[in-house]
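Both complexes below contain chain A, partnered by chain B and then by chain C.
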Partner chain A sequence: MPLELICPAGSLVSLKAAIDNGADAVYMGFRDNTNARAFPGLNFDETQAAEGLRYAHDRGRRVLLALNTYPQPDTWSRWTGAIDRAAKLGMDAVILADAGLMRYAVKQHPQLRLHLSVQGSATSYEAVNFYREHFGIQRAVLPRVLSLPQVENVVQHTDVEIELFGFGGLCVMVEGRCLLSSYCTGESPNTAGVCSPPKAVQWTDTPAGLESRLNGVLLDRYGKDEKAGYPTLCKGRFAVGGETYYAIEEPTSLNTLDLLPEMLKIGIAAIKIEGRQRSPAYVAQVTKVWRAAIDSVKKNAAGFKPEPAWQAELNKLSEGQSHTLGAYHRPWK
Partner chain B sequence: MNLAFPPLLANVVSRLPVAPPSLAFSVTANRLLWPALKTLDWQALVGRRYAIRVKDIGLCLRFTVTERGFAPDSGAPDLTISASARDFLLLLSRREDPDTLFFSRRLVSEGDTELGLTVKNLLDALDPELVLGRLPTPLARAAQRLMAA
Partner chain C sequence: MNLTLGPLLYYWSRDDVLAFYEEAKSWDVARVYLGESVCSRRHLLRLSDWLALAEQFDAAGKEVVLSSQTLIESESDLKMLRRIVADGRFRVEANEWGAVRLLSEAGVPFVAGHTLNVYNPETLDVLAGLGAKRWLPPVEMSRATLAALLERAPAGMETEVFAYGRLPLAYSARCFTARHYNLPKDDCQFRCLDHPDGLALTTREGEAFLTLNGIQTQSAGVYSLIGELPALRELGIVSLRLSPQSRHMGRVVKSFQAALAGETGAAEQLSRVMPGPAVDGYWHGRAGLEHSTEKNA
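Presenting the complex of A and B:
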């Protein structure tokens, strides 16, 4: 079935919101840094995960577990323990980035379905097929750096199902290899599970504007009517060469509703919605819009046009000033 | 639904001292909400000081959380959350996402960011059906009306 809708779940309430609003599958993480949304109070313990699986399976939907950070030697068993728990709970797949963990999963739990995480940073069919040959991965989530023709080239040269990000916050997308915030905090997102550890983040409302700081480093100062963004280093405004601007990247959100007919045509297996850190209200609203859009494009791809109400709803929820089609759409190419 | 607070009333409320509303909040919340909330994992939140500023009303509630519920507290808050009455209602009724309000500058969280996220995630993980079931009936009805509005 092409264009499955994969939605984020940071809690059991969000999981139910996603399922009730039409997600084909949800993805979740355990309550530690084995996943890339390791925020306090977020995610699932084993009991909640079991209840989430039951809720999804009773309704014919699936649950995927994100185990997409990179284990370190002294905590290796935390990650392998998470794989064991995933297998025991009956997760429909685990989303892995680390090749060592894939090897462990294949050896210990050969029945467990493996997806290659976006954090695995595989952008070519050679890389995707490498993971297929060695670990039998069934699906790969492609990094958000390829244009659609490049994505199509990958799809045409692999048996692995291809999943693309469809909506949500964007970053500099050096996925799985970004160390930027560790220069400020000493913690890498790839091992600690967050770009900006909350304990290092400070927001202050000043007469000059709302300031965000990461471990004391000023990231941005938002004027009265400016939209704010997440306090990550890559989205800060910095003084460079006498000019203060988004020197790395402007905070924007990905929204690919316009590209759905093309994604359907080239055989994309699934669309992923970003946002496990967001609340159940976000999950419900985004899932509802994307369910309607995917149903609509499947019914009539040629006549598909995103409804203005969908775009308005998604715009309201997004980070930053604008929406972008990301790298998928490169009109100059 | 018009959730805006009448300006004249706001003007009066903003002139009131902070302590009586904070006491009233703690007493009311303990009676009506605590039975529904006490089963949550409050461990990371106990003993910290909170301020809720309802900007358009000029109301500021200051309290701490103890093992037995909310208690008024006038010390410097560890976490201050500010929004309009309407936006607080939208958040409480799960009709808006806190990050959405935050991006659009309608919700401001100051102080300990980690504490703020913990509070947000604790409340997000609350099953509304479970809470409604434990609320006094009139309050549960009012909440249901708000969520369905």
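Presenting the complex of A and C:
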């Protein structure tokens, strides 16, 4: 089936919210740095994962496990242990970024379905086909850097199913190739499963305005009437050539509802919603809108038009209350 | 342990590039990485020009490696990659896994670049099986992690470490230099040419933080492992990569050669030609922007 809806499950409550509101599959992580949302209070232990799987499978839906950080030499067994648990629990697929870990998974659990994580940074069909040939991956999640015609070119040259990010936080950088967070804080998505980690964030009220800092580095300063957002490093205001502005990216979210007919046409297998760190209520609302939109575009692609109510709902939930088509739409670049 | 001249990450005029490499022929480096690895729009040197330079360095007795592009987006990017692999005269540095596929299919040995994200010996072993003879750890890797990895590295694999220069930290579809000038990427007017060492990004309180280099984001701090040579030797590192800067690169090479020869004052010489504050936090397992002398003092 094209255009499956893949929703974030940061907790059991979120998982149920996603399933109840129409997700075809959810993705989750274990409670450690083996996944790229290693936040305190988030993710699943083995018992919860088993319960989540039961809940999803009873309703004919699937659960994918994100193991998409890069295993470190001293703690290699943490990642292989997670693969073993995934297989034992009956995960429908594991989402991996590291070639060494893929080799382990293929050897030890040949029946386990493998997806290439966005953290694997595969932006061409040559890279996607590399993982297909060597590890038999069934699906690849593409970094949010390609335009739709470039995505189409990938789809046309591979048997691997292609999954795209449709909504939520927007990485401006190629995922897996961004070390800004570790440069500033010592922890990156690749190694620690976090970007701009909460423990490095500091808020200070100053006469000049509310300041957000990451490990002491000033990311932004907000005027009285400005709404302060989470201090993600790439979405701060910096000075370049005497001008202070969002030098890398505005605090905005990705929203690709408008592109659904084209994504259907070019054969995208699945749409991923970002946000395992978001609340169950958020997951419920976003899933509901996207379920309705995907059902609608499949019924009548030519006549598809996002309903104003959907956009209003999604805008309310977006970071900075604004959204962008990102790199899928060339002028963004 | 010898020195390597890394690929030129900035966009300079054709004359400046040729003058830089003319000078480089006299530098005491064992190996030179050539080619455009950052942005496919940069075209003042064509592949044929890079290959001509490669022949000259080869004749001058230096090993040549062609660096491939890190972010592949279009069919024309792939076409360029195939041409580089097909040339066959020189070793190629694979900077993403599409290049790994093409090089392993061609059955030629290659260099595994630092953006392949090799964080453990198992992945390095995968690459060794595909033909990698030399590799670079991710620039964020600490000495301790590298030591643990190398304990189980495949036999015969040569390790090269990024040891000097602004750190290449991130790659994007978006061009941040064009964005600064309110220009679309497709009509960037090649503004990178005006910034031979990138465009400085500071915080709102004037602290140097990052450097914009087209689609690449670098550190503002200049990574330097000149004080870590004993540790690098102990790890069995074969080569140190020095990343080009627009001025005084010859003196950078000289400083590292002096340090390798055990001369005192080499680090002091180097500090005079660095285009920014020194950083080495990554090597010590800390935030990349830190410097050991600040923390250890």
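Some observations on this one:
The criterion applied here is as follows: the second predicted complex is superposed on the first by the 323 of 333 C-alpha atoms of A that agree within 3 Å, B and C clash if a C-alpha of one lies under 4 Å from a C-alpha of the other, contacts with A are read in each partner's own complex, and residues count from 1 in each chain.
What we mean here is this: a residue touches a chain if its C-beta (ideal position, glycine included) is under 8 Å from a C-beta of that chain, and two chains touch if they have at least 3 such contacts.
The structure presented is a predicted model; accordingly, all values stated were derived computationally and were not measured.
Comparing chain B with chain C, more residues of chain A are touched by C. Of the two partner chains placed around the shared chain by superposition, neither chain B nor chain C is touched by A:306.
In the superposed model, A:317 lies in contact with chain B only, and not with chain C.
Of the two partner chains placed around the shared chain by superposition, chain B is the only one that A:42 touches, whereas chain C remains out of contact. Residue contacts after overlaying the shared chain place A:11 against chain B, while chain C stays out of touching range. Once the two complexes are laid over each other on the shared chain, residue contacts for A:71 go to chain C alone; chain B is not touched. Touch criterion not met for A:29: it reaches neither chain B nor chain C. Considering their complex, residues 10-14, 39-42, 197-199, 201-205, 210, 222, 224-229, 231, 277-282, 285, 316-320 of chain A touch chain B. Across the complex, chain A is touched by residues 44, 94-100, 102-105, 108-110, 113-114, 116-122, 124-128 of chain B. Those residues of chain A whose C-beta lies close enough to touch chain C in the complex are 70-74, 76, 97-101, 103-104, 120-127, 129-131, 133-134, 144-147, 150, 153, 172-174, 176-180, 182-186, 188, 190-191, 215, 217-221, 237-241, 243-244, 247-249, 327, 330-333. The part of chain C that touches chain A in the complex is made up of residues 70-75, 77-78, 81, 96-102, 115, 117, 119-127, 138-140, 145, 148-149, 151-152, 167, 169-176, 179-180, 184-186, 199-207, 209-210, 212, 217, 219, 281-282, 285-289.
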